[in-house]
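Can you keep this structure in mind? I'll have questions shortly.
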Amino acid sequence: MKKRIIVIGGGVAGMQTALRLAEQGVEPVIVEKEPELGGKLRGWHVLFPSFTPAEEVLTALRRRVNESGIEVLTSAEVVGLEPRSVRLADGRELHGDSVVVATGFTLFDASIKEEYGYGIYDNVLTSADLERMFNEGRVARADGTAPRRIAFLHCVGSRDEKVCQQHCSKVCCITGVKQAMEMKKLFPEADVFNFYMDIRMFGPGYEEMYREAQQKYNIHFVRGRISEAAPTIDGRVQIKAEDTLTGRPLRMSVDMLVLLIGMRANDDNARLAEGAGLNRASSGFMAPRDLFLGNVCSNVGGIFYAGAVTAPKSIGETLNEATAAADAAAKYAEA
Amino acid sequence: MMKRRSWQEYQKEIADDRYYYARSCIRQNFFPGSEKAFIDILQNDLGKELLDDPKHSSCTGIGYHSDIVPLETIMTVVARQFSLMNEAGYENFVTSCITSFGIYCEVLSTWNEFPETEEKTRENLLKATGREFRKPASLAHTSDVMFHFRDQIAARAKHRLVNAVTGEPLKVVEHIGCHYAKIFPKSGIGGSEFPYVLAGMIESWGGEVVDYPERRHCCGFGFRNYLVQANRGYSIANSHKKLESMAPYKPDFIVANCPGCAMFLDKWQYTIAEMEGTTYGQNGHGIPVLTYEEMAGLVLGYDPWALGLQMHQVDVEPLLDKMGIEYDPAAKYLGRNGKYIGKPASAVVNCCPTDTIYDIRE
Amino acid sequence: MTFYAPFCLPFILGAALMFLIVAWKWGKWLWLLPHEDKMRILRGLPTRRTVAAIGEVVSESLLHRRIFRVNPLLGYMHMSLAFGWFLLILTGWIETVAHIGFRYVPLQGHVFFKYFATGLEHKPVFDFLMDLFLLFVLSGVALAWGKRFYSRAMGMHRTTKHVLGDRIALSALWFIFPARLLAESTTCALYGGGSFLTGSLGGWMAEHIGVMPLMTLESVAWWFYSSCLGLFFVALPFSRYMHIFTEIPLIFLRRYGVRSSEKESSYDRFQVEACSRCGICIDPCQLQSVLGINDVQSVYFLRDRRYGHLRLQVADNCLMCGRCVERCPVNIDLNTLRLNSRDRMRNVPDERRYGYFKGLDRSSGEGKVGYFAGCMTLLTPRTLTAMSTIFEAAGEEVWWADREGGVCCGRPLKLAGETDSARKMMKYNADLFRKHGITTLVTSCPICLKVFREDYDLPGVEVLHHSEYILRLIRAGRLTPERGTTRFTYHDPCELGRGSGIYDEPRAVIEAVGQLLEPASTRENALCCGSSVANTAISDGQQVQIARAVAGELEATGADVIVTACPLCKKAIGRGTKGEVRDLAEIVAGALK
Amino acid sequence: MAAIHFGYTISKPRAIDLDRNNLRKSDEILREMPELQTCIGCGACTAICTAGNLTSFNFRKVHTLVRRGEYQGAYEEMNKCMLCGKCRLVCPRGINTRGVVMLIKRKLGDF
Amino acid sequence: MGKYFDMLMEDVRMREGLHACMNCGVCTGVCPAAEFYNYDPRQIVSIVQTRDDDAIEALLKSDTIWYCGECMSCRPRCPRGNTPGYVIQALRTLSQKLGFFVESEKGRQQLALKRIIGENILRTGYCLVPRLIKPELHPEQGTVWQWIYDNDREVYGQFSPVYMRHGAGALRRIDEESLDEIRRIFDVSGGSEMFETIEKHSDRKAREMGYEEGADQQYMMDVFCNNSNEHY
């Protein structure tokens, strides 16, 4: 009799976990609350640093899940879990030999950072909005005109005590660089400014990409967090910041302000954690058993983590971690 | 209409009745009519109970923010105010001044955060005055109270903030005193980024709020930066910056909930006009600046001169005309009982040549 | 005899024009010389310097001794053209005299003597000599043609890219001697005479060509010969061939002690126009050999400067390593010319600049020996520590002039052309040195060393590079380093070697601590590390490229450790190799017991 | 005007206003030396700077201001530099800092 | 190391206002003072954060800490929950305690503030009263203010029955008993001591600067009016 492992979440992490489990001869079941698989990768345009279309990765994963005959429950929300069972919102209860939690993260709601006027001022968008625009093939200001000056703001909803987001979301820096380059490709005449506090280029090829953005694309990097955004009479956005490297306030109006929103822990992490006796980090993300030898394990035997449920991660890292989580879960189930 | 819905997330308890009223140094100096109007509106129009206690004093906030009054001292002064309120049997503290409002918020918060400071304050107060105190049940700025009753006032409105001729809503620039919500965003209606306290009144009474790039910028008072003459370049420059930023929107008037801001936005228009010849209003004069009490008073049909609008440097008559308010131009600069006491000299910023009006009475 | 024929006209006009222009140029340049230089010339005239100058003119302008050193074949080519032509002129003159005695003969009479002398008795000796010299010159022309197609045979990898005017003059020059051969041969064919060359060719022509065509040919040939000469003469003052004449006064002026300086002077014109654009400076240039930059070398710099279209980018893009200076057959002071061009283009006197130097003194300690580490040495703390160890071991009391940071020596700024401002730094430092009463000034930085020696006014203070200083300590027995078995190779810093002539001292010091292996390019030919402060045009990547090439040569010696005596070279080479790079002081300090 | 003696004047804003600043010169400079744009603001140049250790001269600040179109005073500031070249040796992005100094001075000599 | 920092930390405003700054510059971006002075609140916080005594002492003696207008616009924006404005208040308080304020032009103005606002509080119970706002010292108050000032009883009388008299209402005279309480509060809680400190150090500095009478009216008017214009 095959062992059965429940994978909560059908995003990149969940799909990869399930694939790996199937490969190991275990029977996985994916529980996804959305009507389709894909998670946050849906709606993303291209992935850093290679500009690989997100659709490519997503399609491959979905096809393989399909081909492997993995059982997938969609539109199924998990409300409680134990090492050997998962309770769904509709009252159903699934049983297995262990559980992998791959519920990912929630995108930060930029309107909470009121000073930037997201949702209030036209032409203030988020990085996710911009990806959607790229996908739709229509990148323009609210009035349909092409932007001539674009500002990107790093760390929106990251490293910010005011919105209870102390952590660094890790991937926004490189996303900001990537999107700035994409904008510059679309609008070569536009001036692009990236406002940052630190540029955290942690991955392979990222720093090189940053340098290319500076030298080849002439993207301006200004070290300073934007203090506030305000509307101008001609429908643009006035931003204020300090150019900290010169120690002087800086202001300018831009046609488009893109907020590079960070990753937030899912709100229901708290409930799931409480029900199952799982530890959470102060950031709200799930806390692995330990950060070195047990980073895909939870503090409860039989419950494992894959992907951004424990901390912000890139797609590549998530895929690796999913494989590791699957192996750990399978080993547990077999024992 | 601004898409500012977020104000609803910042709500605070505002008492419905029985207020202990603390006056403002600046407001009673420059807008004594506004304080009178506030009391009148509450007591006469809305039938509320309010105590104007002769024993209360300044909170000494201007001294505190000029850094000559220590934190311990101002805490004790604040404690004395609370003690007076307790003594009078009230528990809803309302203050007319934004600096004071900030001070009360800060002191309460400090006592909360650092309980040893509250102990020390009690000790000091007892030692100095033999008094004890209880903290108020609620603390509000008087503009909060006015906001609280904005719909009742709208129901009694004699005039609305619309152009009486065209029926178009008046374009209003609202200016919120920095210490209203920037120190404690949760203590202000609408928070610090999109405060709704004035916008709510304006919208209830038919006006349209103008959002402009420097909306959140300080008026430039900056305490020592105005109080010491050598520093006033800073003070005027900040108002200048705001005025330059709002002028393209052609606002019909400015309203402020902070007495200092209202005074500065008014007086600096005069100074800028004298220095550079620049005026920001239409037809070459200034933009009228009102306090929210004056705005409410006009809406309720109070006589402009009874509200003290003659004490403004920038003439308010164009606004009164737009709103269709009837007034006696000749009565503007009269003393008590219609006594003729002379008139101010005309200035660049003024639109109404005072000569033609007053010489009749002379 | 009239000594005139219509075909002489191009020659006469060309020659007249040439002499007028050359005289005008020289006159003007001499007139514009600073007073001191004029006095130098006047004082020098009646001395042995004049004789020496004449000797140098013969050996360089005629025999081209220095080019022989570069490559014998190249030397022969230049010599055959210059000396051969000179011999033709000289012998031609003697021939004239031999025929008609000492009487006035117009210039064309000498030059076209063969044409006019048909009625005279033949003198086979002269015929033979003239043919011999003509052959000599023609061999040079043939080589010059050959060099166009295969320059490597003459040791040149790259030759100069010439401008149009030069090409015209060059073509005229190439045709002068074949034309002369043809003209004289036709005359010989018609009237007899000539020797093994013209005589034989004339004989052959007489046999195969009829008299009438031959007469036409003679007329055409002489016209052609005269025209080539005329054209060449007209082009000469405006082309690179101006060097033929200009090198001569240059040699005299130089012998009299006239020099270029950081400010342009009319003496520079002699130097600039003495450049033959031979292109010998191109090959040693590492910007060319490593980076492939081929429009900034001295030959192009001088050309652009001469014609007044020098751009700052060209003036700036030079390492001033001096490798080309070593090779220049005319001995032009290329670095100084480059420097004063930069000065003209960039120097802005500003009285208030560097006002902040006032009252500044961050030095520490006391002693007769002052040690000025130099900015770059402050970035190589190992060198600094090593020097400290050495001073201590030698029991020297040292005044540290800039350990806490001092004012730059001024040379980098000077090299960039801001010479007036650089003087302020020099004055500041010199005052500081004087104030502390030192008698010896030691520096670890050859850049500082050069400026201390050349531009600082430090009477009573001996300026030493640390290599010289360390050698002295060793020789005096104050330092006793242990000689080990480590094999070192030594990189000559430009400013120390070619710049200051210090080659032996560092080598002696290395020999005292280990074995020394010489790289392929060494001493005067040593390569530049590529990070020279004189160059502000090349990028970081290009600097590294040069450093790699240099390090490659040093590594090829098989040495364990690369040693140099300049902090900048050390940093630069360190970026080009994975091997160990040490300053001289470090290896000495390491070898102390 | 100015009949009244106020004893002060309206202070001039100090903020870098990119709507007002003319970036033409800055663009020219970046075109001639695109590597300047790769500055990561680490400040190594400023930390090592001989002139910067003696005065308020801050190379990073000056070239950053120039890139923002703030040319006023840049020439005078750059004139404090001694061109010793230490900054070039420490720059992690290998920017030709001495070239930058001279380029800025050349382009902004008239400011 | 850290002597001044420890002294600053005794002030609760420091404990509330300074956690760990990450130099993002959000405070400076909106700061009205940074807009018009050579001033950068971020750098102030950054310097204080170093705990370096020399650097903090230099700060306490400099003009820099006196530029802030205490509008507190920095407070709601700081992503680290700092309040540079509070840090400034603590620095100013310490600068006055240690007598360092007299070493800077802007710091010396504290004497004028003490004499104008401070003494008025003890005298009237208000920070300011109409008679204090003399048109010749406040030309910017305009022609209408001149008219009000000249006719204060007539103008204020329309809005307050008790102008400069006892009773309830605007600009009333505060009763002597209340004023005594205020004065005693100042004595007990350090307010009066602060006033004396300001006077004492100002007097010392005035003499140092060549005012033979010490911190007299002339000195006060000079610090009130003079601007070296070296602040931008």
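So that you can tell them apart, the chains are marked A, B, C, D and E in the order they are listed, and the count of residues begins at 1 in each.
One rule holds in what follows: a contact is a pair of C-beta atoms (placed from the backbone, for glycine too) under 8 Å apart; a residue touches a chain by one contact, two chains touch by 3 or more.
Keep in mind that this is a model prediction, so the values were computed, not measured.
Trainee: Fewest touch steps from chain A to chain C?
Mentor: 2
Trainee: Quick one: most central chain, C-alpha centroids?
Mentor: Taking the mean of C-alpha atoms per chain, the most central one is D.
Trainee: Looking across all chain pairs, point out the one with the most C-beta pairs in contact.
Mentor: The chain pair with the largest number of C-beta contacts is B-E.
Trainee: With centres defined as the mean of C-alpha atoms, identify the chain lying farthest from chain E.
Mentor: Computed centres place C farthest from chain E.
Trainee: Could you pull out the chain whose C-alpha mean position is farthest off from that of chain B?
Mentor: Between chain B and every other chain, the largest centroid distance is to C.
Trainee: Using mean CA coordinates as chain centres, what's the chain C-chain E distance in Å?
Mentor: 72
Trainee: How far is the middle of chain A from the middle of chain D, if each middle is the mean of its Cα atoms, in Å?
Mentor: From the centre of chain A to the centre of chain D is 38 Å.
Trainee: Determine the centre-to-centre distance between chain B and chain C, using the mean Cα coordinates as centres, and give it in whole Å.
Mentor: 83
Trainee: So, what's the distance in Å between the C-alpha centres of chain B and chain A?
Mentor: 46
Trainee: Which parts of chain E, given as residue numbers and ranges, touch two or more other chains?
Mentor: Touching at least two other chains: 30, 34-37, 76, 139-140, 225, 227.
Trainee: What residues in chain D touch two or more of the other chains?
Mentor: In chain D, 4, 6-8, 11-15, 35 touch at least two other chains.
Trainee: For this structure, enumerate the chain pairs that meet the touch criterion.
Mentor: The list of touching pairs comes to A-B, A-D, A-E, B-D, B-E, C-D, D-E.
Trainee: Name, in rising order, each residue of chain C that touches chain D in their complex.
Mentor: 312, 316, 346, 348, 350, 353-354, 356-357, 360, 375-376, 378-379, 405-408, 410, 412-413, 416, 418, 421, 425, 531, 533, 536-541, 568, 571
Trainee: In their complex, what parts of chain D are in touch with chain C?
Mentor: Interface residues on chain D, with respect to chain C: 35, 48, 50-51, 53-55, 79-80, 82-86, 88-91, 94-96, 98-99, 102, 106, 109.
Trainee: So in the complex, the part of chain B that touches chain E is made up of which residues?
Mentor: My answer: residues 23, 25-26, 28-29, 32-33, 35-36, 52-58, 60-63, 65-73, 75-77, 80, 102, 110, 113-114, 117, 124-125, 127-129, 131, 178-179, 181-183, 185, 192-193, 216-218, 220-225, 227-238, 241, 267-268, 270-271, 306, 308, 310-313, 333, 335-336, 339, 341-347, 349-350.
Trainee: Along chain A, where are the residues that touch chain D in the complex?
Mentor: Contact set of chain A toward chain D: 199, 211, 214-216, 218, 220-221, 223, 240, 243, 245-253.
Trainee: In the complex, go through chain E and note every residue touching chain A.
Mentor: Contact set of chain E toward chain A: 22-31, 34-35, 40, 42-43, 76-81.
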